[in-house]
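We call the chains A, B, C and D, going by the order they appear; numbering starts again at 1 in every chain.
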């Protein structure tokens, strides 16, 4: 099977290139970039020197790509741009996995409130938001176009979704604090992201209405049995990769830490990419970097009757490109872990 | 005036040495360390090379220090050890500022629950917990022994205390997430604190009953008009110094962001070391490192009716040694900022 | 084919575990550790959670391992300890690849000068030092025991060896400065390696007779046509992984940058793991981390008639475990890149 | 005395602002910036919040500044721009200390070769390059305009100058490797200086003719008794501040490590800002950050007959703004260490 990546010059594009170059069941046949068209892959992504199979960046012409023999495209583009490619590739019968936010929000008005104009609203009914471990299995037959979840949302939905669904935690007073490595901001040549500014620095940003809230709340409200609103406080941390999320949420009536773990074990007993840690362990982003895992753990506080839930992941792998490859694997009938361990 | 530091080989001891060497109104006359007795200061604290005035570490003999002509002692010792020195120095008429937890908790039972045995409970009635910007001014005449606040507590109490007192925020569902630089753990040669383990890593620890909770809750309960329980989630961040704290708390009935800022401005209008930032700014630990400041800011979320409050400080300065010097300045009648800007 | 790792709790052991778990042609059948015997792999190496195939650390009993059905052992032990295992495994007919220094020095007196007593000198004639791209091919048939090169030596030998052999550079006045990530020091709970001490810090250490000099000089002297002595200045850099080496060496009579590149291209035209960069590019450790590559480049300075040669590698992969796997691949007839891309 | 800073929005400008705000003998009366004119100091330099004495950035009008009552100006501008201010301020009788390269090179042709056109060559005869510990004392009476040395040059000249002058080391085969924190590159919003690119990365750059060579070679050739050419290999290291320099140089005929230390001790016995460490110690950038010190050390290698000399400094303090303040102190008759400890 031939696959292509549209827009591969950013940080998640780079990780996607590496994963697909090493994938046992697909051939990376095209990597496009408006800026870098014509250049060998390794001049832009030096970490693939000697392993780039002679690939060059090609131009990002949607019509030409639609006419090619490539079966599946990953869109590693900014939101807004992604829809303009999907609009041409999907009708041409190509499978499309979009890493941007363009098809993550089923409700058009919500999309517009958080992101502005939508460039392909006609595709929304054909798109599915796929968090592989949690989304209803029907997506495999229904989807023409898949929205791969955002980095923060993955770290929040994985621990919270099964607990809300099982009625273990309150829907009120959910407080989420997330700390992201700087690659989460993308490869932007702005003063704020300079080494000297970010090293040895932690700060909150994007309070109180970060865009990722839209998909988190829509997914939880749609799939767990009730409207869910949460406080989401994102921060920048002085590291390249990784997201650590800490969720404080009141225990539901009668809930115990044992029941919480039962709900998690029911959801994740056989999932290779969600690891449930014991209550006395806390996930560490460093243990997940380079893997497609989310590690989760929880503890109950008898003083407050809150659960404190912690998760860690690599924002560029399980939070972006690794998850997109996992989705491809499931969609195309490959082993779920192919190219990911 | 002559001052001494007992136990100056740790990270806060080092900062204290530097602050006192440069202080215009006191002479650093003794620096003790059991491990380093006899060594020149600069062999243990190389950053003071050429500026150490020939000082050497002396032995930590409490009786000898009590008999010396030194007026005031800083205790930069682990909890437990500090009390054994205070026990001898205070009755000898020395002023003592303790950077450990030994006299931070007025209630003995609470101390014992969090820290174990207390080695000088008879001094508790004479000790005062002094957060200079907030503690009732009577401490200046009453105290024989001062407990300098902990690093996390300073970053929490400064923003929260005036708001609870003014009834701006709820006493329920207070969620505090703090991220500390690794120096917060002290100079411990343990695998967990190795560069390779902590670089590029964020993780929660000490859930759900970190020792600093004891003083935070006692101070807030004593001084703001009602018992206050909070969820405190501490984390380690890959930086040397700095604490970033993010507090999520429901707005009290009728509270607005304007009233919140009024309460803060009333408390901090003329304080050099608490800076109130505009609601659209977020404090950054990097901007406070090396200073004795806490920067605070807040935003209201109309979706949740929560306030999200952020603070940043240098854990070793305002969170430890700088604050201790500030306390000395006020106690001894020096300008509050002497040696601190 | 079954392989085992003896002593897998350090940083290179961890990387070796991951490489072998993902290797297509071998089964990791045993991982030993005196300290961790009995524990699941993932409790000690959390990054393999969910991918550890249920492996547990077993005890490090040399006789039992010699009697097992495992074909090849990697020794990821400190020098000294490695020889005591090789002593039993090699006579039992096991293939052994040693990542320590125990068999890197053919000359016993030199070994003793740098490392002290040798515990299996009788094996030295059967051992071969194998830098896969450079060592004479006869090792494949001759060796019973292979010494995998050190991290610094790999970064020095790869660029320098072909140039000395081709007479492009002087044997006099060779100056090598290397900067290593902190993992190069091993997982040692010592104050010097704490995060707070090493972050934001660069310093030289081990001047002027670092142990790795012994193998560098012996290899160059043996294989490039003349006794070679060099100045080697190692440093610690505030990063986890990576070695950047900069070599300044006078050009030999008549040598040009073109001839230098010809010599390199002749040596490395078809090697997947040595990448020759253009003269105007400089290798960057970050581009090699996680790969089994050494990137090399050079520039000529007409003012001094020196060549300035730069190289970069991941000290734990090409500098240790990746190279050991590459050696295994070649020794056992697997594709050279198996499990390494 | 009133002083002003022209161009204070970069990293060395920021350090200069802080040093001068705390200086006991001068008043910081003007801080200019074309970009930030009108803004309060603390909005651009948040670390001075609460300590900025109400200062605002003013416009950078050279004529207006020349007509003001300010006595001395620091130019913290890019090379080229600095000369255009000096051209107006010096004839107006103002003292000027230039932190740029514009007046560091006495030889115009050399300046032009390294930096291009010079905008005020008429001032070159009135300018003096002042490395306070080493430059001939006549500068105090002669200079109208002072060139403050570059960051790399300070770390090289301090150890090397007295040794060349005393004939302890060879003038041939001098090899200098320097590693600089990223702030050395200035506050440039370029991809190369992003956190994600620089963290965990070391690489050489600017080979083989970095601009700082010009002043190093001119100073050594002018003041130590013979033309001196050296190999200078600068690198970027993953830290914010600090320069570590390692110099390898052959010992001169008959030179010993004792004679080397004698030469250093003669030069630096009573200098507060150059600290000579024992031969078995190596300077660490972390120990100098925030200080105006250069720490130096050396070791002799009997195998090569080279000296390996190491130095460390804070590139923004002794390598830039601290040194400029030290020069002011000496020029204006203040204590040398005023405002610097």
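Quick notes
In this section, a residue touches a chain if its C-beta (ideal position, glycine included) is under 8 Å from a C-beta of that chain, and two chains touch if they have at least 3 such contacts.
Since we're looking at a predicted model, the values are computed, not measured.
Common neighbours of subunit C and subunit D, listed by label, are A, B. Using the mean of the Cα atoms as each chain's centre, the chain most removed from subunit C is B.
Mean C-alpha positions place subunit B and subunit C at a centre distance of 47 Å. The geometric centre of subunit A is 36 Å away from that of subunit C, both derived from CA atoms.
In subunit A, the residues that reach two or more other chains under the touch definition are 181, 197, 199-200, 238-240, 284, 286, 289. Against subunit C, the residues of subunit A that register as touching in their complex are 21-22, 46-47, 49-51, 199-200, 272-273, 275, 284, 286-291, 293, 295, 341. Of all residues in subunit C, those touching subunit B in their complex are 11, 181-183, 187-191, 193-200, 238-240.
Of all the residues in subunit C, the ones that touch subunit D in their complex are 173, 175, 177, 179, 181, 197, 199-205, 207-209, 229-231, 233, 235, 237-242, 244, 246, 248, 250, 282-286, 289, 299-301, 303-304, 306, 308, 310, 312.
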